[in-house]
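Next up: some structures, all given as structure tokens.
What follows is chain A paired twice: with chain B in the first complex and chain C in the second.
Entry: the complex of A and B
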């Protein structure tokens, strides 16, 4: 369990959050850009120092302002994945992965690790020879190679295109579960929260707005439907009784019919994030509550 | 910059006013449809004007770039034109060495630069050796100190120290070389002789130390810039993977910025080969064929500087000096070319 209590002030901006990250789960830190999500990640990792508060991993205190404890990043058991990969350009894939491994007897594992992210055969490639998706896979396995207690991901997929993103979302979940590592995932993408996170903390202008499971937080209700599709409303056609709502999920379009009354009740507009749920016969549309 | 800005704004005014005026007239005379026509027209002339402006600026910049190439070409042609004449006045073999009689009257082959006298000897071997005997140690010294200094400035120094140190280092580059030569000649030479017990008071090593004072700032400054251009994320990724500050510097920052560091070293070496005043004053100017850095040497630059002013134009010595100049030019040109190739190859490999 990673417990966090951070206070930090920049010129106009004040960050003041306290929350706990459950062990072995993927927790999403969700909110608009400029909400302070990345700063929280950087403070947890020790790349930045908070003005006050404390960060502790179980019984291990990483940062405590009152006791003047501030462990440097290399002393904290973390793996950090950056938005723009931050692979070392002068090292091959295998040496990038090996960078964080201190024990020599574990160097044998590198081949398996690279295979785990589906990059067998790319061991001797340089980052410049890889695609964006491949780079981020290398960055992920590099961060996991030193077997950290906490994996921190800072919008790892937002520099990638749709197709790659979708593939990586699945792989990311599989690999993280396989390593059974406590994960904090910064994103501003509803789909990612919905697809990856076990728990979500919503941050707005430096404060926690709400937290809970993605369903609780984003829909305000429990979903019991079999199929759930998250997407953005791209079209609404109404007549007096029924309305057709077109939802874009990644690069595919879904059209569903709902009551026209429902549209006004949800105050549904083009651009809203929604979840389409389907039971055996009924199709239900939920609006995602991104605003507090 | 300022000029361009003014040019642009005045142009905009000039094109807007007639456009507006005719639009106003248009309201009175022609009605709605006409106004839109006129506006479109005025926008068209605006676009055309901007295109002309861009064209002029592009051409000016192109001419500027071209001028640099033309100057280099002209220098090249002039130097080589004069230098090539040496081959008509002096036998080509003599540029390597001549047969002379030694003290026991044996005929020996010797490489000597001795242009004065009834039969001038024009071997350029001792001059090339002399140049490298100064430039290589100077490059070595300034690589160690300059790259070290650059790393310190970019990675370790706090902002406050940096603000003080960097201008000081750049100031060092601004000291007239004759002043450095003067210091080498009077103080450093004595000190070197006393500590290394050298035969020659003025020698290549003294010159190398003097020259390195000029190129340390060059190397330090470019290294600093190159390392600061390495993205901060790479450092953070390294810390995040459990590396210490030193590991991060040696395993990530320096290798990632290596193309800039290499460039600075080769640029420094080019300057070391071309440096004149310090070597004239501090190296003793004896054209010896030697591998000893504590021996007096005569560099190519020092030879040209010391002799060209005193020789009759068009004579064999005059042309020989131009040949030396051409060779020096050629060496530094090749050095820069090779450096450029190495750097561009590294950049390609290290692309982020």
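Entry: the complex of A and C
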């Protein structure tokens, strides 16, 4: 378990947060840009120093202001995935992945690691020859290759188009779970929180405003539905009794009816993030017929 | 002394100066590129001084600093049993100082141009600053390093004022090609002066063309 209690002030901005990241789980650090999420990640990794507080990984203290402990990033068991990949442009995929591995006998694992992110055959490619999604896969496996205790991801998908993002979300979750690594995931995308996180900490202007499971935090209640789709409201048509709400999820539209009263109670507007839920008994399944 | 002696002396002086500037310039440029110390600008100014100073001014002060009456000059004489001024070693010192900005500035610019995130990525992967320097910063700065080395070589080849002030004009020891040209013109041997000049001109042109060619190629491959 990673315990964090950090304080830092820049000119006008004050960061003051304390929270814990459960072992082996994916915790999302969620909030608008400029809330201080990336700074928290940088302080945990040791790339930046807090003014006060403490960071510890289990019994290992990484930062303690009162004892003047400040381990450099090299001494912390972390993997860091940057928004813009930060791959070494002069090294091949293979050598990027091998970069953090210090034991020579582990170098033979590299082929398997590259295969794990679906890039077999790309070992000798240079970063400039890869697509954005492929680059981020390399960055992810490079960070995991030295088997860190803590994986830190700083908006890893925000530089990618949504199609690539959707594919990578699934792969990210699968790979992270396979490595069983404690993960802190910075994002401002509510869909990513739903899809990836076991736990979410919501940050606004340097403070924690809420934390819990994604359902608890973002909906304020437990959903009993079996199917949940996160999307954005793109249309609301109301009459006196019922309202039709159109929700866009990636490239698909869903239309659902709710009470008009409910619209005003929720103060629902176009652009809001919502979850559409459906009980499995009400859902009809069709097999998609391919041409015969 | 033969016709080629001054040319060979020039090449020797340029080569030794270039190697010394590479060895000293790289750590100095690294410090200038990454240090956050407040008075760094003072060191930067000192490094850049030879760009604006008349070579005679630089030569004059170095001469005072290493002359027989100075502390450095006396120590040198006590250890090596000869003077530093008016010797080839003295010329190396002068050339080193005179060409310092031509090596350090391209090094520094290319170091500072390496994406900071790459350094952070390297540190977060458990690699030390030294390992990061040799594995990331240096290979990504090769263009600036080649430029700095070639420019300092070419600049040393072409220097005149500092050499004359510090080394005088001793055949085989301090009489480099640029001085030889001046000498020949003084003795109205225009033909010989012309041959020396043409060789230096051609050589300098080839070196500069090489630098620009290399820079263009690296920009394309990046």
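Keep in mind that, in the parts below, the second predicted complex is superposed on the first by the 279 of 292 C-alpha atoms of A that agree within 3 Å, B and C clash if a C-alpha of one lies under 4 Å from a C-alpha of the other, contacts with A are read in each partner's own complex, and residues count from 1 in each chain.
Just so we're on the same page, a residue touches a chain if its C-beta (ideal position, glycine included) is under 8 Å from a C-beta of that chain, and two chains touch if they have at least 3 such contacts.
On a predicted model such as this, the values are computed, not experimentally measured, just so you know.
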**Request:** Using the superposition on chain A, decide if chain B and chain C clash or fit.
**Result:** clash
**Prompt:** Does chain B (first) or chain C (second) touch A:37, or do both, or does neither?
**Reply:** neither
**Message:** Going by the contact rule stated at the top, is it chain B or chain C that touches a larger number of residues on chain A?
**Reply:** B
**Prompt:** In the superposed arrangement, which partner chain does A:8 touch: chain B (first), chain C (second), both, or neither?
**Reply:** neither
**Message:** Touch test for A:127: chain B only (first), chain C only (second), both, or neither?
**Reply:** first
**Request:** Could you say whether A:88 touches chain B, chain C, both of them, or neither, answering first, second, both or neither?
**Result:** both
**Message:** Please report the chain A residues shared by its interface with chain B and its interface with chain C.
**Reply:** 45, 47, 72-74, 78-80, 82, 84, 86-90, 99-100, 102, 128, 142-143, 146
**Fill in**
Counting only contacts in the complex, chain B reaches chain A at residues 231, 233-234, 236-244, 251-252, 255-256, 258, 348-352
**Message:** Touching residues of chain C toward chain A in the complex: what are they?
**Reply:** 115, 117-118, 120-128, 135-136, 139-140, 222
**Asked** Residues of chain A touching chain C in their complex?
**Response** 45, 47, 72-74, 78-80, 82, 84, 86-90, 99-100, 102, 128, 142-143, 146
**Prompt:** What part of chain A is in contact with chain B in the complex they form?
**Reply:** 45-47, 72-74, 78-80, 82, 84, 86-91, 99-100, 102, 126-128, 139, 142-143, 146, 152
